[in-house]
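Everything on this sheet refers to the single structure shown next.
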Amino acid sequence: MVYITRKATFSAAHRLYNPKFSDEENERIFDKCNNPLGHGHNYVLEVTVAGHPDPDTGYVLDLKELKAIIDREIIEAVDHKHLNYDVPFLRGIIPTVENLVVVFWRILESKLPSGKLYRIRLFESDANWAEYYGEPVEVKVQEEG
Amino acid sequence: MVYITRKATFSAAHRLYNPKFSDEENERIFDKCNNPLGHGHNYVLEVTVAGHPDPDTGYVLDLKELKAIIDREIIEAVDHKHLNYDVPFLRGIIPTVENLVVVFWRILESKLPSGKLYRIRLFESDANWAEYYGEPVEVKVQEEG
Amino acid sequence: MVYITRKATFSAAHRLYNPKFSDEENERIFDKCNNPLGHGHNYVLEVTVAGHPDPDTGYVLDLKELKAIIDREIIEAVDHKHLNYDVPFLRGIIPTVENLVVVFWRILESKLPSGKLYRIRLFESDANWAEYYGEPVEVKVQEEG
Amino acid sequence: MVYITRKATFSAAHRLYNPKFSDEENERIFDKCNNPLGHGHNYVLEVTVAGHPDPDTGYVLDLKELKAIIDREIIEAVDHKHLNYDVPFLRGIIPTVENLVVVFWRILESKLPSGKLYRIRLFESDANWAEYYGEPVEVKVQEEG
Amino acid sequence: MVYITRKATFSAAHRLYNPKFSDEENERIFDKCNNPLGHGHNYVLEVTVAGHPDPDTGYVLDLKELKAIIDREIIEAVDHKHLNYDVPFLRGIIPTVENLVVVFWRILESKLPSGKLYRIRLFESDANWAEYYGEPVEVKVQEEG
Amino acid sequence: MVYITRKATFSAAHRLYNPKFSDEENERIFDKCNNPLGHGHNYVLEVTVAGHPDPDTGYVLDLKELKAIIDREIIEAVDHKHLNYDVPFLRGIIPTVENLVVVFWRILESKLPSGKLYRIRLFESDANWAEYYGEPVEVKVQEEG
């Protein structure tokens, strides 16, 4: 197996907040990430696909095609958006970097024309990031307050 | 003269929007940056000070002190905030990267204990940034809609 | 004046070679950059425009528009091309990073809808780059050998 | 086991092209990467070796020695070269980033004085890269057209 | 499992040297890293923790808390210090990047309030780094000369 | 004029300390940078030369030649050294990044075979740096304590 990666970027606002917590609890748990009007990041998304290079093209998967899939399935939905309100597939999900990698995996996993999704890595900043390899994980959908 | 620079970062949401324009005009002019609930960035701020190294310390200005000034005057006000609503010194100002460098200059210019403010550089992303050297520029305060 | 910059990238092959020199001279002067079949780089191009922020938009020049101009005038002509053979506006010009910044300036200077071209910076690698501010410079067109 | 990595860089031209395809097929499959005179990249190569730190030196493998091996075995052959024509160990191999990591693995695997080759990672640009861990993979040598 | 990473940096001096070797052997083995008065680096430390996102917070581990642990346990001890002399938990240990990742693992492993330590990565420069995943490894404590 | 830049790196230890100050004053003024056994950095040095591209080579100055000059005049003296003790041209000079850019300028200014030294930029970390353009500045040589 060879593992190929394509990087994409998006800029989005988000707020960490759980409607089941009181304002004080949200403030204590999420601290400055709980600012009511949100804050934002330039996210960097890396999608890694595992497979065998095709003998006639040398490609595991054409990286231009992988880019087009990432753009169509993820970037168009999240770029220059507010992750708590504007993105249908994130409704009710606390947009931590941990939850985002799992949601993105579930969207992309079935969309690849060849190869197998191996890793989703998402940087919220150059100091904070999450990686996900498809192991079973629950992402809870919060009831709205 | 020697020029020293200190880098700082902050994460914020913003929206490009002018209340005097119709929704259609805002959409046409500011495009995806006009998303009503905002989007966000990891901003990188570089502050450059010009001066002579002190003969006994070798410092133009202690960079730890410069960092403390940037943090107190700028970063605390904008980090993990929405630039359109949460920041008193930005009220009514369209938060483009061009306007932000001018506003930050005006705040920092008088706060330096030694040396002279030479340049403010602000990256909105690693592909887009503005620089300002203190030349006369007008930053208009919009009347709220 | 405020200075705004937009970054773009392109990947290209080139060869440093002057047809008026003998093979030995080309080899001695240009060393490994003289490899007959060429070598290549991921170039990073930064275009800086100076101007006053428009009072109603806060833009010196819409960076999306600047990106479109850079793409149309420069990137489409040079990306995934051989700079010695495939690019009409580089015919006969030794494609050093010094010559490229001057040629790119001459192309872009008259294409800006607002603001004034201030600087072209071109990175051939993260260790080698050139900057140009429009001062008079001659770029010689070599007679083909 | 501890995993140590040494990074190296090289600049090269390449063209994606299979002589068994028609010009139209090459154009459709490889798109702008099929430009007849080639294009180029600043490649970044990371070589990771696994092993136990020697009790008396604290080294898994002296990174200066690893650098010398990478330079001698790979960089000297590919730096400032055209990967399709100038490199004996790449003859007939479509120089995709997937194929390159496998070929580089096969060259380096037997050259380490201590430790065991663990991973080859090769960046074609900062948005596209491949990793290889030595699992069985076929890299086809194309018959020349 | 989701894997989250927090990056931290520190600046330190070190010298590679084993008191059981003669000066000539130290010079031959460690080369310029054996300079008697030491040299230094801006180290970049990445700590990765594996776990399940908490259903109510979306956190594997609050990255601000992880940062506080890294700062308290590692950074305060090593930042702006000489690694051979100033750091109690490194006494007698040759401060190669391989040995440092193992020592840092042993310190951090028991300090996490949730999740499980998965990887320590330490960059000595942007060209040299080590990774450690907790596999059994001996780090020898040298007798002082 | 075209401005070309070559980047180089070195790793060194240093200590900020003035023998005319008491230990308490040194501690108060230089804080953690005053650690008696020193600390260290991966320094990044950028040297910019201004000139006209030679009509027959397209070079302001061959960047390989500029690299050789930087290596011979600066890097060999400072790489893997302690800046306070090991470097003859820094004796008695407090090795702040401000003082270093001025000293490096004075060494390099007369060594260029063509073009004119325009700027020295030195990064102590990716958050702290100094630039110098040759304006008259005094760098004091301290009497040893």
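Points to keep in mind about this one:
In this document, chain identifiers A, B, C, D, E and F correspond to the written order of the chains, with residue numbering beginning at 1 in each.
Please note the rule applied: a residue touches a chain if its C-beta (ideal position, glycine included) is under 8 Å from a C-beta of that chain, and two chains touch if they have at least 3 such contacts.
These numbers come from a predicted model, not from an experiment.
Least step count on the touch graph, chain B to chain D: 2.
Touch-path distance (fewest steps) from chain E to chain F is 1. For chain F, the chain with the farthest CA centroid is A. Chain C is reached from chain B by a rotation of 120°, derived from superposing Cα atoms (nearest 5).
Note: the chain lying farthest from chain C is E, by mean C-alpha position.
Between the CA-based centres of chain C and chain E the separation comes to 43 Å, rounded to the whole angstrom. Taking each chain's centre as the mean of its C-alpha atoms, chain D lies 30 Å from chain E.
In chain C, the positions touching at least two other chains are 126. Contact annotation for chain pairs lists A-B, A-D, A-E, B-C, B-F, C-D, C-F, D-E, E-F, with touch applied as defined. Chain contact summary for the complex, chain F toward chain E: residues 9, 11-14, 32-33, 35, 37-42, 79-82, 85-86, 125-126. Residue ranges on chain F touching chain B, taken from their complex, read 16, 18, 20-21, 29-31, 93-99, 101-102, 126-133, 135, 137-140. Only residues 1-8, 48, 52-53, 55-60, 62-64 of chain C touch chain B when the two sit together in their complex.
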